[in-house]
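As written, the chains take the letters A, B, C, D and E, and residue 1 is the first residue of each chain.
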């Protein structure tokens, strides 16, 4: 219909920022620390995946006659109390720490997002119920909760997932709920309702995509947290069990030799520190990149 | 205000009950026996059975739970299976220590975190900012058990400034409070910074500048109070975090607090004791929430107004 | 107080009522006395000496023990010790309301079981003959009864003081009363206990004025406390990995006090579980473990490889037939048993136990792989472990056992009697052993008795391969130079009497 | 111009922002004068740079992203461009002050009205607390806040929008500045309240003699209260005139379009479609070449697409930035 | 002005028991001379919406905001009914309750005689095809994460418009209709200007060929030069698609140029209803009069005209004054105004809620 000649095809800003994604990437890349963090995380992931191919050493071998060897060309960081190559152990530890960081964060993210969206969107009794549940989880000192789970279910990797997810989902739900409440007031949600769009569709197609940036940020920030939790649990003896090598466990064990072989404790501690820092850098960077305030 | 407080407390009761139920279920559905645990290696099966029956631990789950709940509602948390002492007394003994630890850690975290956050925000992008934020992130990223060990090594063993462990006076509180407070300080510093930056973008800051107010006063008079509101809000979460941290800190520094008791209780499946200590810890968290809300309202007149019951 | 000894342990004893504990004897050993005392007479050696009983007689049939009490022994509350106190103490232990733990030390007393069942209100075999004479009649003769009377659990209480306190006895200084060299004056749960010298102690006032015992959970903290001179004694058992540091440190190597321990590390084998129902597999398991290596590398060689049920230092101990370390042969045995390609087994690991156990498990996991055992370490919490042990389904685990009293019965009966083998999940249902152990209990001729135990050792360890003896270790302590007269107790316990110790 | 009647004289004001996509000239060569006691309008559509112009004058453009430069900004004989930050600060709130658009967000929610409104006094004078309080009370009366004494110790959220905006004006005027910049002071208000506020501002101008720069996108407000008008488009002033001249003889096609497209409450509805300016407001980061208005201009000539027109004087101080008024008639 | 008496419902007893007048029937005579339509499309009767605020200790509702309070109103087919009034007077709320986007507190909404609030969920969902809304904020009304195609397709899919190809085609058509190129379907909202977004919002509302469209401040956020474009578009679409508009705005100038009839709201009440010309040239309610006179005129020559000014602000809807709601600001208020609330009743041929209407 050409009668509306008033419209010219001149667009606010068409060329460059044609996707949210690219925009985010650009802002993210301007943040030097975030990029460094991302590189470190990338390296970590790479190592975690390919370590069996990289390292010539067996992380579980016990060679008691090679205990506490100092760093050498064979054992770059020396060996531990069983004569295992410390570097290899730490790199295998990266695997566990990553898995422990990612899996429960993801589970709590999924649970939290679903709960949060339902709670925020439906409101009323559902909201009260879910929020009471979340309050309960949040009021429970998390380490104790995790310990109870680990003690009762048994200390293994799978139960760590359960424990940490149990600890983590409530916080996610809270954040997602408050965001949902804000989004719910948006006119495009109202428009969808006015069109007769069903609740499920609104939640899936409107609310969920809009909380994704928040979820990404929460995810990236909860990974380091989960790594810390795991290290605390392992330190208390209810986390990952030997002979697996999570960093927390390595520190807890290495601590016994702090005075005779300090590297055995210090290096995994540093690994935790670096990994947690890296993830935090990435998380901060993502938050800045996805935060609407930071744009323009 | 009083109504508000009462209301808040009333709301938390279901939370407390839910927590006790949760714990009860978790510790009871899984096989494991507090009596066998208590008697360990030496006791014969008959002795174990006899003692268990005497302690009414053979009753059905629900019976036991409601017996516990009923007594708890009357203020009786029962007697610890393992310690054979009244749970309330035990906790009241341990509680002040944990409270002291958590409170001093909180103070440390605020005294460090808030000024650091403010300075970083004010000098946003400067070297100082980077340094402070790096330092905060380090605090956040360092496992407590790890920094505790380092501090003990440096300040107690090498420098001999502070005692290694124990809880017998002011000098004993310093190190655990620092260890525990540092990680929280990082969180607080980061939050203060981002909150302040957020507030500095608001219109009324521009208004204050338009009046010709010095920048420092703009921050002090106009930005700070508003920026600290969310910082106050995380206080409640901080209480939970500090209590979690206290479990480790108490173990390392030999502090006879609730954290130790709870760990003992978990390990021994000592239900009454665990229920008691978790109830106390949870109550503490809920109190933290409450205090945060009250502070919130003190800081923010909009909420104060609401709490008085609707605006006129 | 001038002469103060500062020590520490990792867990709070929770009570001073020795009838209510089986783990914590430091306080009872110092606060109470027993009728007979087991005195350390040399490294790993002990002898029974008169305690509260000046003397005692055993009847011909070995069933009646008459104890003559020392006169004028005062409890801390000023009461004089009488025969009635002794009768009360043991009756209290057997009273089902007490819920006492170590009632088995009185199991032999005539009428003890009825009292414990609640079918009797008194114990037939316990009698106060007069103010200072106690007669204890046994159901059957029991050779080790005097040794039992020296066990910490046999500490003597005061009836007048204890009876009204019921189950609150021993929880605080105010509710604790003994005749021992020290009085409990302070008790802060999870924090510390303070003992003061008992001026009226019947053997004379101790040299120490005060003992301060702290509860410190973290072993590195313990060590730091010791090094910064806040503790006088560092018990290396709490941090075994620190030993090399202390033995090689110029400052400390002269301060290490080590002594053998009448106790042994072992691997438990559950015969009810496949593949350990096959003796060849058990033998292979025994042979596949390189005990010497573990002792040398993980325990710094401070101890001795053991091959029997009895550790060195125990009455009747004699070197047993050595178990060969031979992974090749073990592999062959496995093949014979039908596992030519190796066999999957599990080892139980309790998460809250000290890491030395998990180290042991990890090491043998690596070691016995060579023989074809594919080990999975199954971690569980202690209560789940105890539950599975009770159910007889527990996987093989490693532990150690130190003597409560110096008699082979303490080892054999615990593990291989009819009840012991079931309760501990060995399931070594060997009626011949059961009969022999019961018989040995009442044998009065020491030589014959020892010979029987040695024979059973061979049967259990060699023929049936029912368990794996590992080694007995020395127990090392490091003490500050000011500490004098530090003697490692005969059984190698961390709990000991400090009566004779001095500090400058 | 060193005319004594001129209070503010801005010459070639340029403000640039550093954005992620490079720098954007948001205000590009703005020059205008404000006579003493006059009300000068700055009108233009959203994003045309009105607020940034005002903030630039105040020295409140966010640094370091924003960069302001000007040949001169003479305020009452002082060149603001020559002042350092501290001297500029001392002028703010005393010599020139500003009232913002959103009366809700422009007031600090956690400080009482007297604290906020009296603050310029505490900054720029030595008055004591009591005296400030009295002054604020007096000011509240002046701006027509009913029950002024009761409104001193309340918080902003306890006041209605109209009262808040009055308080903002009281705050702007409390140090009796020579110049008040009002950035859309009534946009957030209802018409009846708007009418009250506008009348108040005119009354104050008459009484106190404060000159006002009135920023708005509402030509109605301009017509009601301004003496002089500057029309902005895409960061530039496109037309500058006495208010009567502007409405009687709009000379820039944009101004004409604007005037034509405002619906008039006073006129009966016409059968025709309403007039409008085709196209959209340009993106400052992607300005067209030549005249910035050329893509939407019905009268565009070839030259308009290549070369920027200058502001040409049409006589009587009436100026327009358009090739139509160029002496060469837009010949290329 | 014809057909008035044809539709005079007379004095009807309303739900609240007071005697009220339904507004005069429409004379949809436009100057354009279009054919008058006189069917009532949608009507409300005693419609109220109260928002609870604050809860007491036991969860009892303490206080309410009477956002809409007993509004009775008829809107006729193919007319543009403008709702004006100051911020917070309940315009948006009324619009939403009429579409059942909010639940009513009392009263009825009838669409072609059918009580919307009595329909079950699925019937209501089907009904939504006919009832649409266009929002004020062009930036908040489009989901930033959806392409234009999906935004337009959603209502079609919801109502099972047809195959994907048909939907695609329809989306293109809709863009044509609002004057945007079809090629823009794959873009995201942030790539459009405010005016363009508003067109997309309109296109979405039109997707299922509605009959009744609520335009809630649909042009208020737009620049003047763009505003006229959109108003023209709305007017053209009305003509083509036979739409009925409820046009909510606070901008009286727009009302005058755009609406057929006007309802003036004050604090949840309808205070005056009439044709645009009647209202503007001859306001009966004092509030209407003040409202109109307060509009700044874009003509400097009129600046010195007599401008009656209201004093004070609107009272809070939480605690309304007794009597007439306008009484506190009304210079003509008398004793009865302070005690008795005037009903919306015919005063001089037009429904006015005033004890002392002007010009009579």
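Simple rule for what comes next: a contact is a pair of C-beta atoms (placed from the backbone, for glycine too) under 8 Å apart; a residue touches a chain by one contact, two chains touch by 3 or more.
Here's who's who by UniProt: A, B = ABC transporter permease subunit; D, E = ATP-binding cassette domain-containing protein.
Note that the structure is a prediction, hence the values are computed from the model and not measured.
S.K.: What is the shortest path, in steps, from chain C to chain D when you may only step between chains that touch?
M.R.: The fewest touching-chain steps linking chain C to chain D number 2.
S.K.: Where each step is a move between two chains that touch, what is the least number of such steps from chain B to chain D?
M.R.: So the least number of steps between the two chains is 1.
S.K.: Weigh A-C against A-E on C-beta contact pairs and write down the one with more.
M.R.: The greater number of contacts lies at A-E.
S.K.: Using mean Cα positions as chain centres, tell me which chain lies farthest from chain E.
M.R.: That would be chain C.
S.K.: Using mean CA coordinates as chain centres, what's the chain B-chain C distance in Å?
M.R.: 40
S.K.: Provide the C-alpha centroid distance between chain D and chain E, rounded to the nearest whole angstrom.
M.R.: Each chain's C-alpha centroid was found; their separation is 33 Å.
S.K.: Can you compute the centre-to-centre distance for chain B and chain E, using the mean CA position of each chain? Integer Å is fine.
M.R.: Distance between chain centres: 53 Å.
S.K.: Need the CA-centroid distance for the pair chain A / chain B, whole Å please.
M.R.: Once rounded, the distance between the two centres reads 23 Å.
S.K.: In chain D, what residues contact two or more other chains?
M.R.: 276, 278, 280
S.K.: Which chain E residues sit where two or more other chains touch them?
M.R.: Within chain E, residues 193, 196, 229, 232, 236 contact more than one other chain.
S.K.: What residues in chain C touch two or more of the other chains?
M.R.: In chain C, the residues touching two or more other chains are 220, 352, 381, 384.
S.K.: In the complex, go through chain B and note every residue touching chain D.
M.R.: Interface residues on the chain B side: 202-204, 206-214, 221-222, 225-226, 299-302, 305, 311.
S.K.: Of all residues in chain E, which touch chain D in the complex?
M.R.: Its residues touching chain D are 30-32, 86-87, 193-196, 223-229, 231-232, 235-236, 250-258, 276-277, 280, 290-303, 307, 309-314.
S.K.: Quick check on the complex: what are the chain D residues that touch chain E?
M.R.: Spelled out, the residues of chain D in touch with chain E are 45-46, 146, 160-163, 190-196, 198-199, 217-225, 243-244, 247, 257-259, 261-271, 273-278, 280-281.
S.K.: Can you name the residues of chain C that touch chain A in the complex?
M.R.: Chain C reaches chain A through residues 219-220, 223, 239, 241-242, 244-245, 293-294, 296-298, 349, 351-352, 355, 358-359, 362-363, 365-367, 377, 379-381, 384.
S.K.: Under the definition above, what is the set of chain B residues touching chain A in their complex?
M.R.: Against chain A, the touching part of chain B is residues 12, 14-15, 18-19, 22-23, 26-27, 29-30, 32, 137-138, 140-146, 149, 153, 198, 201, 237, 240-241, 243-245, 247-248, 251, 262-263, 266-267, 269, 274, 278, 281-282, 285-286, 289.
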